[in-house]
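Written out below as structure tokens is the structure these notes cover.
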Amino acid sequence: MYQTGEKIKVTVFGQSHSEAIGAVIEGLPAGIKLDMERIYAFMRRRAPGRDKFSTPRKEADLPEIISGLADGKTCGAPITAVIKNGDTKSKDYENLRLVPRPGHSDFTAFVKYGGCNDIRGGGQFSGRMTAPLCFAGAICMQLLEEKGIYIGAHIESVHGIHDERFNPINVTKDELDAIKAKDFCVISDKQGEAMKAEIDRVRGNLDSVGGTIECAVIGMPTGVGGPLFGGIEGRISSAIFAIPAVKGIEFGSGFSASEMYGSENNDSFYFDEDCVKTKTNNHGGILGGISSGMPILFRTAIKPTPSIAREQDSVNLKTKTSEKLVISGRHDPCIVQRAVPVIEAAAAITILDMLGE
Amino acid sequence: MYQTGEKIKVTVFGQSHSEAIGAVIEGLPAGIKLDMERIYAFMRRRAPGRDKFSTPRKEADLPEIISGLADGKTCGAPITAVIKNGDTKSKDYENLRLVPRPGHSDFTAFVKYGGCNDIRGGGQFSGRMTAPLCFAGAICMQLLEEKGIYIGAHIESVHGIHDERFNPINVTKDELDAIKAKDFCVISDKQGEAMKAEIDRVRGNLDSVGGTIECAVIGMPTGVGGPLFGGIEGRISSAIFAIPAVKGIEFGSGFSASEMYGSENNDSFYFDEDCVKTKTNNHGGILGGISSGMPILFRTAIKPTPSIAREQDSVNLKTKTSEKLVISGRHDPCIVQRAVPVIEAAAAITILDMLGE
Amino acid sequence: MYQTGEKIKVTVFGQSHSEAIGAVIEGLPAGIKLDMERIYAFMRRRAPGRDKFSTPRKEADLPEIISGLADGKTCGAPITAVIKNGDTKSKDYENLRLVPRPGHSDFTAFVKYGGCNDIRGGGQFSGRMTAPLCFAGAICMQLLEEKGIYIGAHIESVHGIHDERFNPINVTKDELDAIKAKDFCVISDKQGEAMKAEIDRVRGNLDSVGGTIECAVIGMPTGVGGPLFGGIEGRISSAIFAIPAVKGIEFGSGFSASEMYGSENNDSFYFDEDCVKTKTNNHGGILGGISSGMPILFRTAIKPTPSIAREQDSVNLKTKTSEKLVISGRHDPCIVQRAVPVIEAAAAITILDMLGE
Amino acid sequence: MYQTGEKIKVTVFGQSHSEAIGAVIEGLPAGIKLDMERIYAFMRRRAPGRDKFSTPRKEADLPEIISGLADGKTCGAPITAVIKNGDTKSKDYENLRLVPRPGHSDFTAFVKYGGCNDIRGGGQFSGRMTAPLCFAGAICMQLLEEKGIYIGAHIESVHGIHDERFNPINVTKDELDAIKAKDFCVISDKQGEAMKAEIDRVRGNLDSVGGTIECAVIGMPTGVGGPLFGGIEGRISSAIFAIPAVKGIEFGSGFSASEMYGSENNDSFYFDEDCVKTKTNNHGGILGGISSGMPILFRTAIKPTPSIAREQDSVNLKTKTSEKLVISGRHDPCIVQRAVPVIEAAAAITILDMLGE
């Protein structure tokens, strides 16, 4: 499935080294002027080469909108964006078809598609597929902001080095904006420096590391979502796990709730003027699958980049023998920093889709 | 959304104190003889009253099948099961409409439905809604077993007291069967006893605890799933978060992957006879959203039961003042043990739905 | 597929002789008081035995609502209605499994379900499955009426004997109400009498006849629907063809448009006070898949009841030889009159689903 | 809704004068070599300028495939085709925003999109949107042919001048191929000449005409489809009404069934060797929504092109007064001949989607 959404339907297409990748977005209201500068700015946060840790492949990654606009505004037809795949070196990949990379989709895609999968650059499994997701997310975020809903994330940890967390009962737009303005999206720059040093160190070791990302949705109206398969958690998860390398997700107190007493984990209600709030936010802004009006908070686990320069143990699918594998090319020692806007985009697409249900 | 599935479509209906709850299951093959004894046995694992920790409300919870069968076999029409709601004391609940229980959906449902939500027993947000899910899951599990696919879960922890984990590279049907046969589904009975003691203790304190559940899917054919929104993780998550009280989910090494090196987290391939396997299973049986043939492993976090006997701080939605709340009735001090078959059911529904895509 | 709808999702279940048939309706707003008397009245229009032409099987056909209500009002959970299948004589049908009735689904269902289909009373292919559709339609119609949208149909012809047509540019609620109040839903009672005489005559000949039904949707707001797969015509058709025996559908001038000039078929616009109207209504209230504000008009063709008392040529699927078939039991010589409310119901479900998209 | 399909999902995007139009096709098997020459040949049948009756706008209309292929074969990722919109004269259209063309979507789109719809060339309502549909259909047809399923249509009438009909019990691939090879797709060339003369005449009168198209699906396996919303008729209709200008559809004996006796309309079964067939084919190859193995036959009504050169009565939406409208530019006096492959494409997409359900 390359599509998500009930009302805002986002279809993602392309492979890492096909002619282009892109997205079709259906269900946006007509008459919206897209702020292309902000869309590009958002997408640049995901693009490689922004910091010294990212792969040097130069991706212009600037989407061209080929449908859905008239006089510069949405016209009710689906928005289609195409991002050309320019700087591709496809010959680096052919041997991976038979000698699959550990931690990658090479082996499972080989079986699923009978060996006909596009092995170049990871094909449709590539992290590059998150670029159209960011395009769609940037548009959704613009629409959400017009409703007073803001979404922002930060690197909560890299290889066990932790950033501060959001204050669960009070996250502000200014705070989110300040983090987004940074090259390396953390709350504590000091911890950010430690993370960067760790990434540098690991890369020198021909290895890689993962981390966690915390995301907040603020300004969310109360009463969005529903029980069972209509809950916000399930809807967000479904979009978040579409992002390669995500291994887990938790909302509010999450896994730590499993070690708490009910009397601790329950969040007491109180009135803040006319508004019902909770004194703590272990529920992560969601009760019964429905938004409570408190910040929606979730954490996502990102695994270490599976492409590492070290020699690894693999097999040759043709000869059915063991084979040592050395992955050529240069690869990110850590993708957590690049995943931050992608997480935001996935959340934005889901939240906009759910409003008004 | 009360429905899940692309090919096997499960629609859940009912509220805790409506006439009945139930499920409609579309997409099952014709000609299947349902093993009702096993379905009942499966559902009894979820039913309360099986151990001394569960609520004393006697739920027969035995589904009556009112459509979909001819001559005792599936006939291609949807299977509909109805479970009567017998022993209900609805008057216990009316005050909760205005004084919402912390940690419950009372407040958010009030807002979403303009105060018209069914407050009795939690309405459609009740844990009781998982009974029809178990019914559907039991059927799906029967069909999966005919294909050699087995699903089983165990209580991985209660309030920080941990069971052993599955051996990630080798989980057997016998092992899963042995756990299912237990009243308290753990691998280590010793740890199970410690958990039970803890639940007993906490209940004496008028409090509650949560825990974690580990689930395994074995015998899974390689090549099921897909990238992006078609990945197994997203599909399973979407069903798991339909279960009340779930706060997080992780696959394979999950959150701990965020603290590992790529060289540690990557699972090396090798040939076991003609079959490609991995030496470790940090990937949890899923690569690129597609099954690798290794056991699919995931862990779920369950929060402490929000209904506790202690006095709690809430508000009166009408008077807009603070109000102390004491929840009457008796409630489970821990629901982790009852959630085990529900997790299995949600996994079974999803996996059967995904086969052959 | 037993389900239709994007926002208002109607799932139909059951077989003619299963324990029960019914429907689950998701997506209705909370707080609606269902007018059960009107729902029953609507369903009685479809029920057999209302006139002397219908089958004598007594169907109480009164739905029991087992979920979705609290305090007599919708509570946001799906409405589930169950209609018991009481008076069934299943033994009449067994021979049809091997000797399929011409014009029925017996043969195709045999192939599709490998002989495991429910042959009793036509199983899930029975006209009886339209009873839950009427239940759902009656609810949708109530909600539509609160928005000023009315739907009504009449028998436009039986075996070539034609009723008058609606005035395409002006159909009134009173007119629709007057037709609904009749036992035999026609505009011209004289033509209705001729139709009834024809049905009587044909029944004496152990034969059957079909006809056409014209349906109008009035009070429709302008601007509902969309191009391509979102057009009103495609959405309505999809629901209408769910009704057994429907062979064709046309909107506005329909097939006769194929014999007109563009200058004839185009409907000129004019202002009626502040409201844009068309002088004629060949477009049937839909332009570009979107409602124009003029009455939506469509005609549906209903085939003659395939169950006739005459001996017919069939085959024995087991012996692979020709076999004469005489269908036992009594069957409607014409079902057009009973299909009228079913057409209305299918339209109501679709239109309510499309509002606000 | 710009998407159709359950397993083969086709998303259409673009407007007549946007940068490009196109389609994303998900769900095709991997490893298929697309026969681009045949795809282009199929699309040329729809393209204007093939005969002297079509609009002179030169549409290269050749799709560029920008994703979904690797080594020239499908790789499991969605196929995306982009068709550039080259020769567009957008200034011809601006006045239509306020003075809507009778019979067009100008007025309804204005209301739906608050005046922000793309008025140029009809925007997303343009007949040009059927080009990507043809692209998708051509691919689906290639896959169907590998399964021995063939689809072909012909102009059954233009302005009341009728072609012969298919022999309902025996349509051959050779016959379909012979029709497709013609510039003007009819069975009887003599009748085709009469139709062309009529179109010529009408165009001289600054008017337009419509017609009907008959389509056959042969080689269809028995047992595909289902009751209720899963019937072939409903699924095909839903796709056919996505085509602009379609006003009606009927299957098999269709509307004429409403004038037949049951004893006439019922098709007797017989064994042709081991194969069950019917002596007549009033059921149009579909019983109970399921394919019977006989040719699937349906007829579609196409209205006269609404764009005519004559002066017409319209309104000015701004000044709220009557206004005479003369549509500039040149327009097809008949689009029936161009709609033939579009009908085939819509059928192919639907049938491929339904196989194996």
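Labels for the chains are A, B, C and D, by order of writing; each one numbers its residues from 1.
Just so it is clear, contacts are C-beta pairs under 8 Å (C-beta built on N, C-alpha and C of every residue); 3 or more make two chains touch, one makes a residue touch a chain.
Everything numeric in this text was worked out from a predicted model, so none of it was measured.
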Repeat of interface B-C, chosen from A-D, C-D or A-B - more than half of residue-number contact pairs shared: A-D
Comparison of C-D and A-D by number of C-beta pairs in contact, larger one: C-D
Distance between the centres, which are taken as Cα means, of chain C and chain A, whole angstrom: 47
CA centroid of chain C to CA centroid of chain D, Å: 26
Mean-CA-position distance for chain D and chain A (Å): 40
Numbers and ranges of chain A residues touching at least 2 other chains: 1-3, 6, 76, 109, 112, 124, 226
Chain A - residues contacting chain B, complex: 1-4, 6, 12, 100, 102-105, 107-109, 111-112, 124-125, 129, 157, 159-160, 202, 207-212, 222-231, 233-235, 237-242, 244, 246-255, 257-271, 274, 276, 278-279, 282-284, 286-292, 301-308, 310, 312-315, 317, 320-322
Interfacial residue positions of chain D with respect to chain A in the complex: 1-3, 9, 11, 13-15, 18-22, 24, 26, 30-31, 64-70, 73-78, 80, 82, 109, 112-120, 123-124
